[in-house]
Amino acid sequence: MNSLWAVTLATLKKDIRLEWRSKDALNSMLFFSLLVVVIFAFAFDPLAEESRHIAGGLIWVAFLFAAVVALNQTWARELRNQVLDAYRVSPAPANALFLAKAVGNFIFVSVLEALMTPLFVVFYNLHVLGPAWQLIPIALLGTWALVVNGTFFAAMSLRTRSREIMLPLLLFPISIPAVLGMVAGTTAVLTGDNPAHFYIVLLLTYDVVFTTACLLLFETILHAE
Amino acid sequence: MKRFFPILSILTAILLAYALYQALVVVPTDALQGDVYRIIYYHVPSAWTAFLLFLINFVASIIYLIRRSPKVDIVALVCAEVGVVFCTVVLVTGPIWARPVWGIWWAPGDIRLTSTLVLWLIYVSYLVLRRFSTSAQTQVLAAALAVFGALDVPLVYFSIWFFRTQHPQPVIGGGGSMDPRMLRVLLINWLAFLCFAFLVCWSRYRLEVLHREVDQAHALESLAGAGMAEKASLPLSRSAP
Amino acid sequence: MSDVPNNAWPNNVRPAINVHNVIKQFGRFAALRGVTAEFDAGRFHAILGDNGAGKTTLLRAIAGLAQPTQGRISIFGKAPRDACRDLGYMPHPSLLYDEMSGMENLRYFAGLYGIGGDDACQAAIRAVGLDPELPRPVGQYSQGMRQRMSLARALLHDPKILLLDEPFSNVDVHSAAEMVALLKSMRGAGKTIFVVTHQASLLEGVADEFIWMQAGQIVNRTTNARTAASVRAPDSSREGAP
Amino acid sequence: MNAIKFLFAAYIATWVIHAFYLGTLVRRFSRLREQLRELGKK
């Protein structure tokens, strides 16, 4: 157990250091979601009163696509020089690698969200009518939901042809309940029409179920060359 | 076993014809919807069959992850593929039924149709993974994905169930009990489709076994160039063509 | 864990690796077709063969990276994955992060083996003749240096068995000779060494045994590099680096 | 009475889908048999 946390922490530090030096994932994610915001602003009239109803959907769709960019990057880093093999021949627990990658992605995507949300607020002239604090658990749980399965499926799609396309193909169908929860929850808070509690519970359940499944199956996936 | 196949095929054909006759002619017309309600006799049994096949896929995938037996993996693959076919039938007949009854092709708030669509997407992604995998252990990856897909099903159901309370509901729930005659015909149709699904799965299973035998033969062939083929043979049986 | 002390091995030979009827199939291609062999501890084994003979696959299977379709491999009586502390694996790609310095790389990999502190990392880097203080990222190393840093990574946890895949390819003659000398000294220190290579001549007089693989099987084992390939079929006449 | 068209459409669509799938199965079977025959010749 001790080594699990030690290796997780070491891997996380290493990933953050690598990301800090190259800034591959963060830059491409930022630029990508910026584009999405601008294109959405053209496609939908952001000044209309009903923008409050669609903003939740737009934000999360933008983050979902941006997250896929980050998720593809995480494992690409391990494939260069086949460093993943060095991990696989070591006695370090597979789940430590998974947790480190998932937490790393969580941090990257959260940073992105923190940077992009003000932009959305400005573009769509949003002001929240419901209890705004509920957006925080929705964002945290929703991001983890995307990232935990995304990390897992990105590892899975390492073993496929055209893996960059494979990831969204595997991830999106499974993520539908989570996306629905995030979008509907955010919309509920923004409009203040109905309570968002259910969505928070839904996201929490989703997170617990799939985090458990990922931890149980990741070792199998990692060693299925 | 092979001799039973034609016998079972004929029996299934008779059963399907009988079920069709029951559905179109014998059963009385629905008071509210008119004759168009008879779509139920194809739509609902197909859905039940698809769900059953996906359930078998889930169980087989778990068994595969524990026991790693290739036969169980073939069962999982076959059930997913045939399940997707039946699921497609559900998704096509659903809107055809919805149009005359509700006046719209698709109701996003309808829990059954929408969750079936998500189910279809999940299992299509499963088949795509199996197709595109370059791993020598595709079966393991696929089994893991199948477990994820199955875990997702209740969550999909509940998320849509809650989501629709926000939306105007075009669906008049399946309230009211069913005429026992209708239920009987529904079950006859389900039985007929189950037999049909079994036959299709059987064929698909044999196809997959044959496919793996051909792969094996190619593997033998691939290294036989230096005259080594006699010395070593792969352990898996290779049936005569 | 072995109860034989390290320095006793060369004199007290016993099988380190047991490969029993291993078959590895990739879809329509069989890379290994029933390999059965025993390899003694404390010896230097050179695995030779044409491209696609299954050398790399065999090495990966011993390293626990490739799961045999059938058959089993045991290392000191354990499954490869359980014996990972006894194995040092150095394939052709460097298995290093290009953006980090050699020391940063090794520090991370030492953590994977539960080795704390910098001593082991510095010792491993010095053992391959590099400077631990070098601040350059590995991506800017020369091929020969990268190869040696990669060897340092494989040696980090002081494994009993070293598995090397093409350690001499793409490096100049001088670096290759240095690498051979390094391996020779390690064999002298009691390590079991496996080298997959095209350049058999480099190992003449260094390796204890030459193993010739063809079409996914071991076809010959000799002590002389020149006679190793003598049994192969006449139609496959390729030899040497591509 | 127009609704009856939808009923027939649904029934026909069902069998078209099944026939299509069975068709792909038959095609795959025959391709494999051919490959086996070629392998047998060698």
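Of note:
The letters A, B, C and D name the chains in turn, as written, and every chain counts its residues from 1.
In this text, a residue touches a chain if its C-beta (ideal position, glycine included) is under 8 Å from a C-beta of that chain, and two chains touch if they have at least 3 such contacts.
For clarity, every value in this text was computed on a predicted model and none was experimentally measured.
By number of C-beta pairs in contact, B-D leads over the other of B-C and B-D. Rounded to whole angstrom units, the spacing between the C-alpha centres of chain B and chain C is 48.
Averaging C-alpha coordinates per chain places the centre of chain B 15 Å away from that of chain D. Each chain gets one centre point, the mean of its Cα atoms, and the points for chain C and chain D are 52 Å apart.
Centre-to-centre separation between chain A and chain B, using Cα means, comes to 31 Å. Among the residues of chain D, none is in touch with two or more other chains.
Each of the following residues of chain A touches two or more other chains: 224-225. The set of chain B residues that touch two or more partner chains comprises 136-137, 218. By the definition of touch given earlier, these chain pairs are in contact: A-B, A-C, B-C, B-D.
Touching chain C in their complex are the following residues of chain A: 3, 6-7, 10-11, 14, 17-18, 21-22, 77, 80-83, 85-92, 223-225. Across the complex, chain C is touched by residues 136-137, 215-216, 218-220, 222-228, 231-232, 234-235 of chain B. Against chain B, in their complex, chain D makes its touches with residues 2-4, 6-7, 9-11, 13-14, 17-18, 21-22, 25, 28-29, 32-33, 35-37, 39-40, 42.
Looking at the complex, you find that chain C touches chain A at residues 63-67, 81, 84-85, 87, 89, 91, 93-100, 104, 108-109, 111-114, 153.
Against chain D, the residues of chain B that register as touching in their complex are 20, 33-36, 38-39, 42-43, 46, 82, 85, 88-89, 92-93, 96-97, 99-100, 196, 200, 203-204, 207, 210-211, 213-214, 217-218, 221, 240-241.
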